[in-house]
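Questions regarding the structure given below will be posed in turn.
Think of it as A, B, C and D in the order they're written, each chain with its own count starting at 1.
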Amino acid sequence: MSQNAADRSFEGRLDRNALAALVASDIPHGAYVNLGIGQPTLVSNYLAPGSGVTLHTENGMLGMGPEAHGDEVDLDLINAGKIPVTELPGASYFHHADSFAMMRGGHLDICVLGAYQVSATGDLANWHTGTPGAIPAVGGAMDLAIGARDTFVMMNLLTRDGQSKLVPECTYPLTGLGCVSRVYTDLAVFLIEPDGAVVRESFGIGFEQLQELVPVLLRQ
Amino acid sequence: MSQNAADRSFEGRLDRNALAALVASDIPHGAYVNLGIGQPTLVSNYLAPGSGVTLHTENGMLGMGPEAHGDEVDLDLINAGKIPVTELPGASYFHHADSFAMMRGGHLDICVLGAYQVSATGDLANWHTGTPGAIPAVGGAMDLAIGARDTFVMMNLLTRDGQSKLVPECTYPLTGLGCVSRVYTDLAVFLIEPDGAVVRESFGIGFEQLQELVPVLLRQ
Amino acid sequence: MLTISDNAMEAVADIPDGATVLIGGFGPAGQPVELIEALVQSGTSGLTVVNNNAGNGEVGLAALIGAGRVRKIICSFPRQHDSHHFDAKYRAGQIELELVPQGNLAERIRTAGAGIGAFFTPTGYGTPLAEGKEVREIDGRHYVLEYPIRADYALIKAYRGDEAGNLVYRKTARNFGPVMATAARTTIAQVHELVPLGGIDPEVVVTPGVYVSRLVLVPREAAPEPEEGQ
Amino acid sequence: MLTISDNAMEAVADIPDGATVLIGGFGPAGQPVELIEALVQSGTSGLTVVNNNAGNGEVGLAALIGAGRVRKIICSFPRQHDSHHFDAKYRAGQIELELVPQGNLAERIRTAGAGIGAFFTPTGYGTPLAEGKEVREIDGRHYVLEYPIRADYALIKAYRGDEAGNLVYRKTARNFGPVMATAARTTIAQVHELVPLGGIDPEVVVTPGVYVSRLVLVPREAAPEPEEGQ
């Protein structure tokens, strides 16, 4: 069936904002977090001021605030997506080698990334479709994938043509091996555990139906 | 012959201060320099304020000033020998990894070190006599030896019992291989060149007499 | 020893054809646009350029690439919405690309400045960007061996410099400047403010003057006034 | 997440016997004396300690060694004119010594914090301190492979901390603190001043708060008043 058909058939599926809110609610008080470009950036909209969460941007800052608007815009203060942002009290700036040392050294609690595919063992593919002629660009994706204590993925479970993006083995070029611990999708949240994928919760779809869509043995 | 005998027999030999002044006069304007603990520290006394020389101390500072006295003493501001020093305008502080990156990365022009022995090919032995029971301590010696663009040694040419410290091969444990480019001694200045040791100048001793004392083939 | 250059053209005049040049900046932030534009004017070609990106729009690095002066680029993220100059050269086979994960790029540059011969990094292990590289398992984790990226020149942008060459940066425009300054034989920095010795607190210096060969003052234009701070 | 401890005893209370502890300082400068004295009082033993030296006189690290709590020390320069506590234990065969060149010590600690598996350093090549280690020639230069030094705890001293755990240091007392803070699972910092959020300019933070688990305020005693500055 087509993705549009799939969409319509799961009335209770989460939209991007609801999914972002769910991820945000799973981030513990006091955590240090990096939010990848795109969908993961939405998570910041649902981190309450009292959440105690500190945001890292890999271009050299801890304590990043919300997107800048109007007079707040300062071209020397941007996030990894090159969007002007703001600075919160208690922020700090550092250079790129220090910033990636912080990431690679395992000092951040959680990194939230988008994905093309995630494998049952937590392999991540999110930087390159492998399309011939495409200009490859990796940015910080490979560093972010393997750096944080936990890497969460946010994505639609199905591609536009209805294929599961949670797969036995990634067919797209890899970003990192065995690095993803949780997959937040519009239809379900999956925990990637040493002995396989576990469905933590699902949205508008039953376990059996989910298992039919996903070519990976799931546990409840 | 004993060192005392040797001392007396070379009336024109340089004393420690004259040698320090000579080293200082060979340091070019604008150079970045690290002076090792002990005799090399004397060189700073002969660097005129207009010399443009910037001193590095490996415990995290560029722009080190003279030794501190009286009210100037600040226990948070010491040199590598743990002596209180002062700060000059244009100074900077950095942590130990950055400080040794600066040294190891070849950014300093000259490092001046003491030595037990220097070989004809520029090997340096200056950290350990190898005496059984001695407690070894290396500090920054091995980093300093190989880090600067030029490593100068300052030492008496002869041991107390009259043996040359410029040797065909070091018998003391090594600090670094092939790292010394010049040896300033009380009796002569030696340039360590790819094809051997060259006497640049001598003090109170002729070339032939010098060659008799030194078991390394010398060139003029 | 520091030289204060009168203008950007003078500062870059001796960069020869075929040089390897580190260029600071993350996208537009921290990009030494005036130094790069001087390089465009100087006519130097056959350059190997190291930058996080591959140019934005029409200015700076994009102009250098558009003018056909860059033989090879080493970067992490060439493809952007406004990287059309790079895209065209790449598709025409007129520019070579070495793609490096961003953290490995920063660390390889730091390594060059720090006198390290090579290092084992976990980033990229098992991916196409590690193909053909030496790998090793250490304490149960897998690593790829990466080598330093050294350069002839670094062109960087800082906020304030003093007469000893000490530099401070501004906010996220700091990015690659401090590590690039350490990894080139000649580092050329453009600054918005040039202050006398003592004009920068020794505790807050980010790039010590030993790393800087030339400074050129490029006053901040109509851009928003910076807030108080370094 | 940062905890503000009421006193040094509370801050170090959970350090278990046998822990590996990084201790900041270069001689007395930057040595977190009050935290170490609390460790002496806590009775913890069998420690592996990493410090540049092996104690001076009777206080701090010297007292910890003198009390017989240190099983092994990793340092660059143990023997000093006032290191009699270490000297006695060493000669009696009661303390193990791993001697590391100072720059390799600093870089091995940084490496641990930066997630690097190992690195090739030129320092020590061809000397007794490289015996038995893997060596390699890269681009005509010889290097020794060195591994990270990771720790359970780091005890460091900074000058000022804020409520996010950001730290600034003072003059050459900075030394090992910033790299040690990155290399331990739990970093405990003693500071002379504790300020609210916003009390430290984000541009001048040396240790970002992410690296600091506990802060304890230890007011500066009769020591000379610091000059203006961070």
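Here are some notes:
Definition applied: a contact is a pair of C-beta atoms (placed from the backbone, for glycine too) under 8 Å apart; a residue touches a chain by one contact, two chains touch by 3 or more.
If you're wondering where the values come from, they're calculated on a predicted model, not measured in any experiment.
Here the spacing of chain A and chain B, counted between their Cα centres, is 56 Å. Centre to centre, using the average C-alpha position, chain A and chain D are separated by 36 Å. Taking each chain's centre as the average of its CA atoms, chain B and chain D sit 29 Å apart. Of all residues in chain A, those touching 2 or more other chains are 61, 87, 93-94, 101, 103-104, 147, listed in ascending order. Among the residues of chain C, those in touch with two or more other chains are 107, 110, 114-116, 121-122, 169-171, 202-203. If each chain is drawn as a node and touching chains are joined, the picture fits none of the line, ring, star or complete shapes. Which chains touch which is summed up as A-C, A-D, B-C, B-D, C-D.
Across the interface of their complex, chain A is touched by residues 26-30, 52, 76-80, 87, 90-91, 97, 99-107, 109-110, 121-129, 142, 169-179, 206, 223-224, 226-227 of chain C. Residues 57-61, 73-79, 82, 87, 93-97, 99-101, 103-104, 123, 128, 133, 135-143, 146-147, 173-177 of chain B are the ones touching chain D in the complex.
Those residues of chain D lying in contact with chain A across their complex are 1-2, 110, 112-116, 162-164, 166, 182, 197-198, 202-203, 205, 208-211.
Of all the residues in chain C, the ones that touch chain D in their complex are 107, 111, 114-122, 136, 138-139, 141, 143, 147, 168-171, 201-204, 229-230. Those residues of chain B that touch chain C in the shared complex are 29-32, 52, 54, 56, 61-63, 87, 89-94, 100-108, 147.
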